[in-house]
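Below, chain A partners chain B and then partners chain C, in two separate complexes.
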Partner chain A sequence: MDSTALLRLRGIVKKFGSFTALNGIDLEIREGEFFTIVGPSGSGKSTLIRLLVGMDDLTEGTIWLRGERIDQTPANLRPTCMVFQSLALFPHMNVGQNIEFPLKLRKVAPQRRRERVNELLDLLRLPRSYYDKRIAQCSGGERQRVALARALAFDPEILFFDEPLSALDYRLRKTLEKELKDLHARTGKTFVYITHSLEEAMVMSDRIAIMREGRFEQIAVADEIYNRPVSRFVAEFMGEVNLFEIRADAGGTLSGKALEIAPDARLDALAPGTEALLMVRPEYLRFDGPGERFEFALSGTLHGEYALGSRIQYEIETETGMVTVEKLREDRVRLKEGQPVRVGFDAADTHVIAEPA
Partner chain B sequence: MPTSRSTRIVLYVYGILVIAFLYLPLVSVSFASVSKARYLSFPIRRYSTKWYGEALKSSTVSELVSTSLTIAVLVTVISVVIAFFGALAFARYDWRHRTLFQKFILLPIFFPQTVLGLALLMWFNSLGIIPSWKTAVVAHLVWIAPIATLIVAIRAYSFDPALEEAARDMGAGTLSILREITLPLLAPGLVSAGLFAFLLSWGNFPLSLFTTGADSTLPEWLYAKMVSGYSPLVPTLGVMSVVGSFLLIFTALALAWLVRANREARAAQQ
Partner chain C sequence: MNRLDRKLGLLSALPLTAVLALSFVAPMLVVAIFSVMPQKVFSFANMPDFSSYRVFLEQGYYKSLMWSVGMAFAATLILLVLCWPLAYGMAKVFGRFTLVLTIAVVASLFVSENIRLFGWVLTLMKGGLIEGHLRAFTGISFDTPLYGVPIIVFGLVYVYLPFMLFPLAQGIAMVPDDTRQAAYDLGASRWQVLWQIEVPLAAPGIVVGSLLSFVLACGALAESKILGGQAVIAIADDIETAFTFGQNWPLGSALSVILIVIIGVLALYGVGRVDLDAIMGRRR
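For the complex of A and B:
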């Protein structure tokens, strides 16, 4: 057990009638960490965060904060704070009153409250004159910052985020993701963030937990999740991926449907006599050309070519299904639809997922 | 979509007809109120404000107004309190028999008021309560409190439950949430519910008729004087009552406008 854990969850179960939303969650979150929980809708991530802030009661399990058990503590007595998906800014108060709300509850003197609001407006890069601005007059990005400032005014041990960026347009979201990461670095607070977008999680997080049907599928740093997913679910959740069935016989010889495998190709992660999934990200696939040599190769016909901004994506129809290849725009290969193509990769470009197909 | 000329003309004509149908009778009553004649007759031969002077001096009138006003004020205050909690149960909280509650609370609005009045009168009698203006307050409440609840519930539906959760999350207890979040957010609904309650009680005839006993409200008196022993004060009091109602509504509108203007002025200062 990690002794430096700030927040520790043990055996968390949450049932709604006969439906089990959370099914045995164990987790440790370290002080100062940016921890993101990612999962599709219905995976239980919102349920989990509501339990952590005290909005709902858990069915089983325990929650400790700094070694103190808090799972029976009501929400208003927990030293945690959440930024809601809807932001939950009070429409009848102006920006300043919203931000100082937690301070007012603690009966901080008006003078001191005003100073703290100004500090927070500076920190969030909002003009101090915004104190008197009405929430209805703020833009989407400004509201986001006001909600953050209010949560920081509370000065929580852990700041929770329930998909606060999901309602914003792409460009604003990208800007705010970076700002949030920057804010995390500047405040040194512990952030726990939930989202359904792995891309968002990758930009900001120290560690990521992938959630599926009320359980954690994998908890690791972003690189590890991207390069070494533990399951097909995680690999596919992480964006475009090619998965091939692969088998090693008792002598270690490899075989796979539609794959041409060089005799000297070796996969150390695959034990003799077992089956697994071989994962290759689209950017690791290469087109055949003069002098090219592959440890693993596939043949098929070009189904389509798509421009994705800085990258070009090719879809190739093969005997084992559609295979995706991605190239940088400058490395674009001129191909005609329906043209026969051969692509390949090496063992070093792959990751073996020990999950039979 | 731009409206064509002919559509606009039809809309204007329609609008004018509606206003005429609604307000012409009121206008004729106000003419009657300034007639010098002792009996209702058209055309009016001589005009005079004499009956207004009489009305203001009359002790019957001040008694009627004070009974009606007492009932209306009490009904307003009590219905707003009931509506506040009722609306939270109606719209904000999820509980087992909520849909049943919603149906039952709305039912009295659709009862024929005469039947409701009669039923309540029989009920008061069987309980041994002597009908007076106090029983009329109860009768008005049976009909008006559900309407007020509905008005506040519409407001309660429109606010995000996350607001109360956010306040709790930041350390607010139940009372602080009520004072800082729920009440201010429901305030516009409470004001309109209060206004409705007052006006509906002030103008109510069928419920008062059955339940006031020996006391009499303004609408009851107007009716009684029309049926027998006509008084020239009837149109006068009718007009005064309507003007009073309008004044109340306009005051409320003016207040709402002032609040908004003040808010915009403060925002513009930045």
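For the complex of A and C:
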């Protein structure tokens, strides 16, 4: 057994009637890790987190925390705690009472309780005078911090987050993402975070799990998932991507629809006599120009040009569908809509997904 | 825009204000003035004295008041305990069955209170529906539970159940599910969740329901007359007698004023303690 695993899941199945929400989940979460589960709505990530904190019963499988089986332990006896999407602050208590709620349940002395609340207010950069502030008077960001402080007051082994930032506006969300990452570093706690936003996951996480239809599609560090997705689903979920069908015949010669392939181009990951998907991120595609040489090239016409702040995106209509190219604003290429263009890339910039089209 | 809203608001409140002034405040004033008139007069053209209030203390009318308030209090407590699980079910568990329950409870209000109480008398009396059948089939007999204080409290509970149930269900519906789950997740037991989260957050519903049933029960007289057989006299009964058989309007008025003051103080205290806007609709 892996001795570094804090939380271990084995064969988790959850059924609602005839619908299978979770279909055989195995997972190990290490101590002190920031682990994010990403998936579209309905992928089962909320169901999974509710099982982990004990708000729902699982149909099959086991959950171990520090080698102790907890799947039959009710939520109020598990040493884990969750920050809700709605935050679930208690509106009839002020900020201080909210934060000290778990301490009061444990009958911590009032003096010590007050000290701990002050420490937590400091940690989350809230003024100590907020102790007496009513929840209704707090801003969205302040409520977020109060909810975090309350969860930290509980001193959980694992802190779960159920998309707590999804209801906030963009700028506040960006600030809090960084704060959360910072808080993780300072507290050394194990964070398990669920979100449907890949961007959020990339900013904060040590490891990311991509969830699809009640299963994990891939579990890896952010870079690995971005550069080497295991499936079309992961590749497309992780942002803009170009996918081309590619085939290697028995002799190792490559061919693909609409692709001009240089005779010396090699794809080591593609075994002779198989077909697969060739993935290229838009930022790796180059426009043809003097002295330019491609291992793989495509021709088409420019469909549109879109400014994305610091980057420019070009959509090119080709025989195999729309191809996306992205350039930094400073590398902008002047092109007219409907103009024929040729773009290309090299084998080193690609990743082979062993999934037939 | 805001000033126009204000003007329109005041303007549309005018007719109701006039009606209330005429039909509510005026009679109250008349009662208040009569209550300080000498005994058994029918005109304001007398020197005020407080003889009626003395009669209240000296002739044992305070006992009726204490019975009424005491029984109303007991009935309200029993209603709270009884209705909480039911209201909880209606607000959170039953789903569509809630509508059936609502219709059933409301339907009982379609029949006059007196008739429903006489129904209970027929059911519970010696030789009635229950005892009569039991005796006929088994020969076992028992004393009727009618004509005592407990049956009056039962009657109050029975009659005023809807007035507790619906506000309570409304109050419980206002408790967000995730605050309950969050408290549980943070280590609270079921009881701690109930006392520290659900009861405080459902407080508006609890207060409205308790006030409605308490106030109505304080002024109730049919239960003590019909079920209780006047084993104890309710204050409302005394008031009625003073105005009718007694021909003593000042005494009836004084008893009314005392009842109104007690209920009024309790109501203001209760309402002042909770955010009624939360249940009556948010004020902007």
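Here are a few things to note about the model shown:
By definition in this document, the second predicted complex is superposed on the first by the 356 of 357 C-alpha atoms of A that agree within 3 Å, B and C clash if a C-alpha of one lies under 4 Å from a C-alpha of the other, contacts with A are read in each partner's own complex, and residues count from 1 in each chain.
Methods note: a residue touches a chain if its C-beta (ideal position, glycine included) is under 8 Å from a C-beta of that chain, and two chains touch if they have at least 3 such contacts.
Bear in mind the structure is a predicted one, so any value in this text is a computation, not a measurement.
In the model built by aligning both structures on chain A, chain B clashes with chain C. In the superposition on chain A, A:R106 makes contact with both chain B and chain C.
Of the two partner chains placed by superposition, only chain B is touched by A:K133; chain C is not. With both structures placed on the common chain, the touch criterion links A:V53 to chain B and to chain C. Looking at the shared chain after the overlay, A:R69 reaches neither chain B nor chain C.
Looking at the shared chain after the overlay, A:C81 reaches both chain B and chain C. In the superposition on chain A, contact of A:R266 is made with neither chain B nor chain C. Note: residues 53-55, 75-77, 80-82, 84, 86, 88, 90-92, 101-102, 105-106, 150, 154 of chain A belong to the chain B contact set and to the chain C contact set alike, using the contact criterion stated above.
Considering their complex, residues 53-55, 74-77, 80-82, 84-86, 88, 90-92, 101-102, 105-106, 129, 132-134, 137, 150, 154 of chain A touch chain B.
For chain B in complex with chain A, the residues that touch the partner chain are 160, 162-163, 165-173, 176, 180-181, 184-185, 263, 266-267, 269-270. Interface residues of chain A facing chain C in the complex, by the touch rule stated above, are 53-55, 75-77, 80-82, 84, 86, 88-92, 101-102, 105-106, 150-151, 154. Contact residues of chain C toward chain A in the complex are 176, 178-179, 181-189, 192, 196-197, 200-201, 203.
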